[in-house]
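Sending over a structure as structure tokens; questions will come in a sec.
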Amino acid sequence: MSLSATTAPPSPAAPPPPDAASRRRRGYLLNHLDLKYSPYLYIAPFFLIFGSFGLYPMLRTAWMSLHDWDMIGDHSFIGIDNYTRLLSDEYFWNALVNTFGIFALSTIPQLLLALFLANLLNRTLLRAKTFFRMAIFIPNVVSVAAVAIVFGMLFQREFGLINWLLSFVGIDQVDWDGQRWSSWTAIASMVNWRWTGYNTLILLAGMQAIPKDLYEAAAIDGAGPWRQFWRITLPMVRPTLIFVVILSTIGGMQLFTEPLLFGNGRILGGNQREFQTLAMYMYEMGIENLNSAGYGAAVAWAIFVIIVLMSLLNFVLVRRSAK
Amino acid sequence: MISASQRLWRTSPLTYIALVLAALLSIYPFYYMVVIGTRTLDSINDVPPPLTPGGAFGDNFDRVLANDAANFVTGLINSIIVSSVVTVSVVLTGSLAGFAFAKLRFRGRNILLLAIIVTMMIPTQMGLIPLWGMMQTLGWYDTLYAVTVPFLVSAFGVFMMRQYASQAISDELIEAGRVDGASTFRIYWNIVLPALRPAAAVLGLLTFMETWNSFLWPYAILTPENPTLQVSLSFLSYAYYTDYSQVFAATAVGTLPLVVVFILFGRQIIGGIMEGAVKS
Amino acid sequence: MSLTTRRTRMAAAALAAITAVGGLAACGKDDDTPAEGEKPAKLVVDTFGEMGYDELVKQYEQQTGIKVELRKTAQLGEYRPKLVRYLATGKGAADVTALEEGILNEFKANPRNWADLTPLVADHSTEYLPWKWELGKAPDGRLIGLPTDVGSLAVCYRKDLFEAAGLPTDRDQVSALWPDWNGFHEAGRKYKQGSGGKAFIDSVTAVSNGVLFQQGSDLFYDKENNIIADTSPAVKAAWETATSMVDISAKTATWSPEWSGGFKQGTFAATFCPSWMLGIVADNSGEANKGKWDVAAVPGGGGNWGGSWLAVPEQSKYPKEAAKLAEFLTNATSQVEAFKAKGPLPTNLEALKNEAFLSYTNEYFSGAPTGKIFGESVSKIEPVHLGPKHQAVKENALEPALRSFENGQASKAKAWEQFVKDAGIQGAF
């Protein structure tokens, strides 16, 4: 399921069936038309529905981004002004930093942990394998909204479980939504909780595809478990790892619900916008403020471009790793 | 004497400790939901926080059912309808298109596939306002159409099925079908779809979960009169104060169907996810 | 040709599938335009917070046979974006829509979104507080809103906590503690000492809301709608008074879970109560705390926080009937009923003189004569000009800056800088 497959040449399609003498002319014609045109029919539902409900709104957003657009009033064409304004908008860059910060906090530990857990689960003699796999995956079943409510309570200042636990090691009440680092940590912990198990299983699958004789050969050469992990496992799961990074990137750049609910639904994301993400800023400008819908649309396109750029970077890495 | 490979893969108690810890951490917030949902409202702000379930679930859930603002039961039924319809559609359209991309030859195939992958990168909130306007024009505001029709297809679904089909179905199988004079649709229906069943199960379950849990769009387009489950949950705390034990009792009940589905089909989901990755 | 047939068949199948899905959507909206004079089957009313309309709506249904659907949204912050979407797309708005003073001007800026009520209702221009009536008019002279309530201020306080801390509990004695804000601060310090360091008020933003509207002068905008946030004396006064009270604040942001939990926990002993807040205080505190709260006068005398109008969106299919409903909900009798139910304070002069209103005592608040207390304070309200994006500046510039300071995230000077900068951004229109 790696994105690398997209750049791989398509597998050869079935050659047309042998023109058996027994077939009548009409049958051949039908067959020919079927082969030539039916694929378009099969992919048509996707493009029809996506075109109407996905593409059209997106193009409309692009159109809006070129205007000074008041949601309940007038609009006028202003060209790329919204985009130039973006470049010098301190709060846009703030949101960008927050998004990347939370992304880093929720991707790096998550991947390390997932690698570690996958490595543990990869032991052949492990008992209760299915139980552990399912237990680790279960957070992915719970909705983001529910996760946000639960974590919101866990991270409460006065009555929260986490502050209560911290009080035992002598740490004073932490005001989790009051500082940049603490709010990032709290939000990242929600993301980590929900996705670590999912990524663990994907990595585990990658690990299981590694031929066992590689390890045996290494063992005979006297390499210990750690050495084997560094020398064999890690290089071999690299494509899977990058696939996981791409998925996390797409999700991380669009992060919205977790920080929003963490901040009691306030779109600013903290008193000083400590955890306002790009998607939240887009929402603030495009939806909350009546008169800056065009600017919000520009933010939306900026997010899209950032995701595409980061995915391209990943494609390059995939290619490199494939060599 | 144990062989090299066995020595390599032996599991120490430390492994189990680490895994049990991870499993506990995974399950804990879920358990916490149950704890709060079964406690009285007064006890949840206690210090230290409560750690075990209480006996107030019945009371809490009665309040959920009595909460006119939320229409919990309607929400539950709507979610079942919407999630089922979307799931069936995504699996069918996904496998049909995936089959075409993987096994049929047609002009523009690669560029169209690339287009599908790019669509996965579009921020979902981006088209909110225009889409909202479209729904109003269609007269779909506050109807289940609005939360169903736009999601009947999924780029991820097409892509996943394409990946699976290209590996799991041999060209010989399809050729054999052709020799028998079957049309491509017959081949899809009789040969491809059955072969795609494991991947279809995974896609179906992931789609079901995602649709069940989606919030932002349903919240924007539906009213408390006719909500989905997640929207209904958000209206439970509609007033200026939040009755957490009520919210959590409802959330636990709302998550329960997914957990049941997951436990029943869990092996297949997990197998499927791993299948997908192995094929990379 | 067979290909066409197949395609047609596929299309038909797809259509059937979509129609089948459609059959599941139970509650569609009928888009039929009504014939002239036809009675509407249903009117929709959009409100936020607690406007006390539940019973009134039932009465109206009985009187007229028109079904009324009351859609409530908790917070203005959620209510406003929905309203924006309704207006932006020209569909989905309720027939009668409540507009709060903080967002009124923003919506008045595009008066063509709203029906002119003048030809639709009788002339009520002399029946309401004059300034309140005037604010319901758009710049172009159209009457777009009928007055509902004003948010005349008082202080809600916990008698039991006051007693435990050695403060007086009688509402007159309590009012006498704070003729001005210094007195209030002093009482707060005494409470803190007497209670072993507990906080007195919920937050400094609550104080700022109290002071802000007492000044009777321009707030974030001048009369020409220029942003004057950095020079406005009223804003400066609110800022100084609010920031000075950080030592007695519980630092629970209004509407946050800590705040709503705080009412039960006794995290703070007093908060500022515009009359519409009474219902919210009662809901948050719960049945167990009935009779523990009481109501006293606000320091500095008078002041107004909040208050609304009922408007009819241009897109309503039944503007005439909607206007009639709005007229009903804002008449003297209804305003008294709403006040008794949830606390919003009448603006109708007759309602304010009504015996049932003046003699009303609130059981939950220890039998406080809230009718008398709030009724007297109405006359002291000095109307202030709010400007087009008042709510956005208050919520997204002033209050975050105050909280930054309150939580020790920024020095007072830095927080002020933050406010001035954000006021410029949020206030632009």
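Labels for the chains are A, B and C, by order of writing; each one numbers its residues from 1.
Here, a contact is a pair of C-beta atoms (placed from the backbone, for glycine too) under 8 Å apart; a residue touches a chain by one contact, two chains touch by 3 or more.
Chain by chain, the UniProt names read as follows: A = ABC transporter permease; B = Sugar ABC transporter permease; C = ABC transporter substrate-binding protein.
None of the values given here were measured: they were computed from a predicted structure.
Of all chain pairs, the one linked by the largest number of contacting C-beta pairs is A-B.
Greatest Cα centroid separation from chain B: this falls to C.
If each chain is reduced to the centroid of its CA atoms, chain A (ABC transporter permease) and chain C end up 39 Å from each other.
Rounded to whole angstrom units, the spacing between the C-alpha centres of chain A (ABC transporter permease) and chain B is 15.
The set of chain B residues that touch two or more partner chains comprises 45, 129, 149, 152.
Residue positions of chain C with contacts to 2 or more other chains are 75, 85, 88, 255, 257, 261, 265. In chain A (ABC transporter permease), 30, 45, 71, 153, 158-159, 287, 293 are the positions where the chain touches two or more neighbouring chains simultaneously.
Contact residues on chain A (ABC transporter permease) toward chain B in their complex (touch as defined above): 1-6, 10-18, 23, 27, 30-31, 34-36, 38-40, 42-43, 45-47, 49-50, 52-58, 60-61, 64, 71, 116-117, 120-127, 130-147, 149-151, 153-154, 158-161, 164, 193, 197-198, 201-206, 208-209, 212, 215-216, 219-220, 225, 228, 239-240, 243, 250, 253-254, 256-257, 279, 282-283, 286-287, 293, 300-301, 303-304, 307-308, 311.
Partner chain C is touched in their complex by these residues of chain A (ABC transporter permease): 30, 33, 37, 41, 45, 70-73, 91, 152-153, 156-159, 175, 178-179, 264-266, 268, 270-272, 287-291, 293. Those residues of chain C that touch chain B in the complex are listed here as 17-18, 21-22, 24-29, 31, 49-50, 69, 71-75, 85, 88-92, 255, 257, 260-261, 263-265, 280, 283-284, 286, 288. Chain B contributes residues 4-11, 15, 18-19, 22-23, 25-27, 29-30, 32-33, 36, 44-49, 93-94, 96-97, 99-106, 109-110, 112-114, 116-131, 134, 149-150, 152-153, 155, 158-160, 163-164, 166, 171, 174-175, 178-179, 181, 183-185, 188, 209, 212-213, 215-216, 230, 233-234, 244, 247-248, 251, 254-255, 258-259, 262-263, 266-267, 269-270, 273-280 to its touches with chain A (ABC transporter permease) in the complex. Here chain B touches chain C in the complex through residues 41-42, 45, 69, 81, 85, 89, 129, 132-133, 136-137, 139-145, 148-149, 152, 220, 223-226, 237-242, going by the rule given at the top.
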